[in-house]
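Below, each structure is written out as structure tokens.
Each of the two complexes below includes subunit A, the first together with subunit B, the second together with subunit C.
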Partner chain A sequence: MSGDRWQQILREVTGVPGVRGALILSADDGLVVAESAMDALDTADVAALAAMLVSRAGRCAAAMGTAAPTAVHLTARHGALVAVAGPEPLWLAAVADHDAELGRLRLLLGDFAGAIG
Partner chain B sequence: MTDIRDPGSPARAPGLAFLELGERLRQRGQLDAAATVALAGLAHYPTLADAHDLLGRIRVEQGQDAVAMAAWRAALECDVSHVGARKGLAYIAFRARDFATAEEHLELAVRAAPHDVTVLAALDRVRAARPVVEPPPIAETGATGFLLFDGQGMRLNGSVGPDAPEHLADAVAAEGASLAREGARVARLLSLGDVQHVVVESSDARVAIFPVAEGASLLVSRPAATPVGRLLALGQRASSAARDWLGRLG
Partner chain C sequence: MRVLEPWVADPLAEFLRESSARVALVMTSAGQVIAQHGFTRSLDVMSAAALGAGILATTGELARIIGTAGNFGAVVHQGEQQGVWLAGFDTPRGRWIALVTFGRESSVGLVRLFFARFAEQLAAATPPATAVREVLAEGFERELDDSLRALFGGS
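Up next, the complex of A and B:
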């Protein structure tokens, strides 16, 4: 897939009200592959932290004997981090404010995640 | 610290003889006279913990629990490690079936007097009388699996399914706690505030982890067909039940 298409996807995700930034990351090493974010959001940090969270979620799923995670959502008092698996090892992630439309964001990330390979 | 009920206690200063007199009167059942002696002594020695303790023992025998508690609390203000006052407060709590408070007072008493066999015996009695806490009524919420664990990944209650072996639940508790810690770390570093939940979706299951108390978390699992909103509603109800259960543990 072209970088232009990735940027188009990321722009659509960040177009959801309340979304502060979106990125494609490599879960293997926690590095940013592509990004679209507000200045205040450090996407390198987000990528590293999201990769670690996905890794821990994978270990939890393995302990439970369930399939590997396809999505991980962290919801906190002031915001949320939503990550959805794309083609290995890519994940599409977004950071949103607490009042963002998380249901819509989750669906949008799910729709686009498969298209980022 | 001396204990007026201990015959082996060293001799008291002459001015404190009222303690022994008041105790003898109490033991003989002359409670009004004992109270008069204790109150007179307290007028001279208002910061003497033993005197407040004596008054507490008299008042509790007179059926004045609230006054007795006030006396023992006053004793603790004078001497926070006063064993008699702790025992007295534990006794009243025990009678009220407030076993957690009774145990707490006796544990503090044991800390102050670790070789006092009367305190150790009282602590044993309280612990033996304490009812076994029932597991939280999570089953009523319809969860396929629920698992409550502490911050170190030790399982507190529950399992990951009706037929799941305990060793599996222990392993999930360890990994669940690790995920909960990582979630808290991510939220802190991204300035997202306190974590409300972490949801993990896979092709065959949906799992949510909720912080329920200091370090403790609840994991709820459901089949993949369960809507995320329902999983969260279920988890919030189960978290409330888990908090109540942890509160009853003391």
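Up next, the complex of A and C:
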């Protein structure tokens, strides 16, 4: 997978109305692998915290005896974070406003997540 | 946690809690240890401080050779089970160095994120500088003993 293809995927994700930014992150180290975001969005911070969230969700699933999570959806008062697992250890994530089309966003992330390896 | 300067304690405690770091060592660029968490032997602290300062000095020289303006922000060594984050940062008391080790419950990104906040909080918490006391030869041993007691406890 080339960097150009990653950027194309990220541009398509950020093209969804209400999406403030999208990134590919490494869940192992919480670092940004590729990104496309508005200036105000600190993708490095998002990657670090999303990786922690994914890690905690994984431990929670293990404690419950279920399979590792393949998607994490965090909704807050003013927005949401949606992250979908790609090939280990990559995750495709997006930060969106509260009124964004979250269903469409999640489907799009799911379609693309497998293609980021 | 043991600290020589009490105003370092709260920012360091928050950093350790938020980042889930295992061990932390804060020192001046001259190698004087300001605070430590996770070490149990003074010998380990002195060794880690010397090695950490040496690594930063080495990377600083590398930065100069390859023409990078200023030093690298941080040096990370990532192992299978543990990682080491080593960074210099500016404080109102001069340039300090932090050495942090973290396990799989944390990540480079998380340490980077909360380390930046730690440096900001430390700068905000730093009291105005007081006149530097001159350490006389006859008082040096007592000063050193006091510092070691503060950092490791005991009598």
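As a convention for this text, the second predicted complex is superposed on the first by the 117 of 117 C-alpha atoms of A that agree within 3 Å, B and C clash if a C-alpha of one lies under 4 Å from a C-alpha of the other, contacts with A are read in each partner's own complex, and residues count from 1 in each chain.
Quick note on the criterion: a contact is a pair of C-beta atoms (placed from the backbone, for glycine too) under 8 Å apart; a residue touches a chain by one contact, two chains touch by 3 or more.
Everything numeric here is computed off the predicted structure, so don't read it as measured data.
Novice: On subunit A, do subunit B and subunit C fit together or clash when superposed?
Specialist: Fit.
Novice: Under the stated touch criterion, which partner chain does A:A93 make contact with: subunit B (first), subunit C (second), both, or neither?
Specialist: In the superposition, A:A93 touches no partner, neither subunit B nor subunit C.
Novice: For subunit A, which side has the bigger count of touched residues, subunit B or subunit C?
Specialist: B
Novice: Using the touch definition from the top, say if A:D45 reaches subunit B (first), subunit C (second), both or neither.
Specialist: Both subunit B and subunit C are touched by A:D45.
Novice: Tell me the angle subtended at the Cα centre of subunit A by the Cα centres of subunit B and subunit C, rounded to the nearest 10 °.
Specialist: Placing subunit A at the corner, the angle measures out to 80 degrees.
Novice: Examine A:I24 and indicate which partner it touches, taking first as subunit B and second as subunit C; both and neither are also allowed.
Specialist: It touches nothing on subunit B or subunit C.
Novice: For A:V13 in the superposed arrangement: first (subunit B), second (subunit C), both or neither?
Specialist: neither
Novice: Looking at the superposed set of three chains, what is the minimum CA distance between subunit B and subunit C in Å?
Specialist: After superposing on chain A, subunit B and subunit C come no closer than 9 Å at C-alpha.
Novice: Can you give me the overlap between the subunit B contact set and the subunit C contact set on subunit A?
Specialist: 45, 49, 52
Novice: Contact residues on subunit A for subunit B in the complex?
Specialist: Where subunit A meets subunit B, its residues are 45-46, 49-50, 52-53, 56-57, 59-81, 95, 98, 103, 106.
Novice: What part of subunit C is in contact with subunit A in the complex they form?
Specialist: 78, 105-110, 112-113
Novice: For a test of understanding, state which residues of subunit B touch subunit A in their complex under the given definition.
Specialist: Spelled out, the residues of subunit B in touch with subunit A are 160, 168, 171-172, 174-176, 178-179, 182-183, 185-187, 189-205, 207, 221, 228-229.
Novice: State the interface residues of subunit A toward subunit C in the complex, per the touch definition above.
Specialist: Against subunit C, the touching part of subunit A is residues 25, 28-31, 44-45, 47-49, 51-52, 55.
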